[in-house]
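One chain, subunit A, appears in both complexes that follow, with subunit B as partner in the first and subunit C in the second.
== the complex of A and B ==
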């Protein structure tokens, strides 16, 4: 009776010991060495696998940096602090990078911009823009159907009154929204910038007035008012050179259609009353 | 001939034909308006460069948009008169496009360059040059430049030419009337195409709901030996290029491939007739037959319309709208595009305009997919619309690509049959657009 139990226990136990020893030996003998740097870099990365660096997830990026194929500043989500950490691991000096956040450059919400037709198709900006450039009369404006909202891995975009708005606090600068927007109206703006032109319409001013109360009409008042040569009208729309802009906000004060946004609450005191 | 019905084996739907509105109405010339709006892109490919500026005098048939790149077709003035302006203007298939506005002087003075040729003596190269210079594109709906189609790469052996006279799209009768009224131009055009491609075999596929067209074409072929009529079963989308090839020759175009990969070139009957007319008269493509139809218009007609005529002009010509329109569709109801304005110029790709009254246009509630697989049964390309659509709506476009979304011909049979009224074709079209955009950005 006892032997019936002992025999299988001993034979199976013996075999498992034998195979175990074999596996232990093989794992030592045939081990593929990984770069310890890769593991260290992986530890400092945010680990959201957003793919904004162009590599398949954080593991792929870590491997590429360790192999010297990717720049240490490649992780836009981690920003300069992660770049410095990677720099320490790789023994390289990370340059200080300005943090950039996405901004939807359209202020033509449902109260301010008109529609040319009633859209009842699928909720997607790309689908809507295939039909006569979308339901909005303005062919450059935000359609507000939330393609960027669904694409954002950080839940940083929401729709407010029919246009997309980026939450600066949550935005990590991965640029996924920039790539999916069919209207190309999302741009990366330095986080220190307090002034932005909230319009990308290249239509003539006369046409813009017909369908949007806050569109840029290319009157060039901002261009003349700017003392720093930082705002220029090209293709019927004003553009700010963020390297030159000092956030004096004079252009925003002078803009007749209020298509230039400025954070007046945080205006630096030396610029207050400058335009008078 | 005429006794054996051919049809592709699988798929297809039977929407109401509604061709009775216009199938017996002869083609009539539409009034040419005082102002024509001619977009500089009326084809698939690169837009044209304008060769005129505001204030210039132009003649009928004169080149006003020069082609840029290989896949492109020149644009001609459809009237004689003075160029008023060049402005961005809405078009039938989407975005605003640079459009030349011409004030018509009503004289129709033809350009000097227009010289007709003897169709029996003209050489293959001369025909090809005429097709290119006359700005001929696929007049079925696709508007792919015909000269590109007729100059296949040297490694492709073309064995047969098929003319597509199926006109399976409901409502439309432009091709039908053309075959009845000008069968000699259709057959003559086919013979010219066969000469360009040095091909001995020609087929004309016509659905069996057009017996008068079959009889007329049969008479025009006469005892010319190498052209055969294939009578097709009435079924949508019988006129889809891949299905037509399979029906007539039994060959299957591979996924991602072109008809020329199986040795076939397909052209629409209207395109063939246009080639014949342009070679014999020298007049480039400046007008086409358009079916103006539907319950929403007072007097449905088949009109020969000059390009640049606005939809609003033709509405007037057809006795105005009979009621408040629910939808105005350029093209047929299955593949056409709903319009938001009537100030849309008629261009090379407009084969019909369907006016639907409000009671015909229902806004259906979209219900969940019940996996009945009817869409799979009807898909002529043998795709799985329900899966591609589900992935597309979740933004998983890579999966759509592995499910061969790019092979979809956008016929809309899946959306038509779906009992849950799901936006199948729409979401597959979206996936295709995103995949194509991504590929373009990668290159």
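== the complex of A and C ==
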């Protein structure tokens, strides 16, 4: 009786032991040295494998950095702190990088923008945008069906009144949402910027007025108001040059449709009352 | 029929008539996964030939030296999987050492040979057919050769498919699966080769 149980256990166990010993011997015989830097760099990376660096996952990026093929600042998710850590490992000085966050450039929520039809299909912006450019009258507006929300690996996007909003604190700048948005209205903006044009509509001002109360009507008042030559109207929509913009917020004050967002609460005192 | 003739018959039947991928439908996962480029398909095929032949040898030894004398035939499956897993680990180490490029190209499919049912399948068929040692080796190598043949043919077709005008909904895997089905139908033509 006992032998019936012991025999299979012993024979299988014996075989396993034999193979295990063989493999252990082989692993020493065929050992290959890996670059210790690669392993160290891999340790300081965020490890989300988002692919924003252009390499297949964090392992690929670590290998490329260790081989000197990728810049140490390549990981946008980790930002400058990771770049400094990698710099320590590689013995290089990391340059200070400006953190950029994603921003959905549309303010036309349910109350402000009108729909041309009622969409009842799959809850997905890409699917909706294939049906006559989506339910919104404005073909450049956020559809708010959450394709970017689902794509975001960091849970940094939410839908508020039918518009996707990015949480600046959580956003790591991996740019995945920028790639998936079928309307191409998500842009990477320097985190220090306090003024953004919240509209991407290239329609004529007359048309924009019909369907959205906060759309850019390309009146060029902001262009004339800006003392720093930082805002320009091109293709019927105002664009800010973030290198030139000093966050004086005059354009946002002057904008007749209030399509320029500005963080007035944190406005620097020297700019208050400038527009008068 | 003389012995050599019988060996030849086993080889022919396992490569063409009972091709493991296209007639027995074993090892479909690497067949679809590693058949994008002819060069990687060749590498995978070489690895499978190596693993299958060795696995045939070792499973034969284990079956007739350990399992049968001890009346432990019911442990066949688990013992064979143990052998195959250990062998694949070994092959992985060797390939990583000898050719890192091939190692990269095979990727996850190399450890997947472990669970490749074609390898276990050939080991079990060897025992079921009561082959002797030489016949076992021929059958193992032949099955792997047949697998490689199917893999390389498929890779060649897929390389050309990349460049051809395929209707949008069929691009990628759908057309690959249709191709595999048609290849399988074509291999049915070998059925009449051996009576």
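One rule holds for everything that comes next: the second predicted complex is superposed on the first by the 251 of 276 C-alpha atoms of A that agree within 3 Å, B and C clash if a C-alpha of one lies under 4 Å from a C-alpha of the other, contacts with A are read in each partner's own complex, and residues count from 1 in each chain.
Keep this in mind: a residue touches a chain if its C-beta (ideal position, glycine included) is under 8 Å from a C-beta of that chain, and two chains touch if they have at least 3 such contacts.
On a predicted model such as this, the values are computed, not experimentally measured, just so you know.
Legend: residue contacts after superposition of the two complexes on their common chain; A:19 is shown touching subunit C, with no touch to subunit B. By the touch criterion defined above, A:121 reaches subunit B but does not reach subunit C. Applying the stated contact rule after C-alpha superposition, one finds that A:150 touches subunit B and leaves subunit C untouched.
Of the two partner chains placed by the overlay, neither subunit B nor subunit C lies in contact with A:236. The part of subunit C that touches subunit A in the complex is made up of residues 62, 66-67, 70, 72, 75, 78-79, 82-83, 86, 89-90, 93-94, 96-97. On the side of subunit A, the complex with subunit B involves touching residues 116-117, 120-122, 124, 126-127, 130-133, 139, 150-151, 179.
Of all the residues in subunit A, the ones that touch subunit C in their complex are 7-8, 11-12, 15-16, 19-20, 22-23, 26-27, 30, 32. Here subunit B touches subunit A in the complex through residues 90, 94-96, 337-341, 363, 393, 395, 423, 426-427, 429-430, 433-434, 441, going by the rule given at the top.
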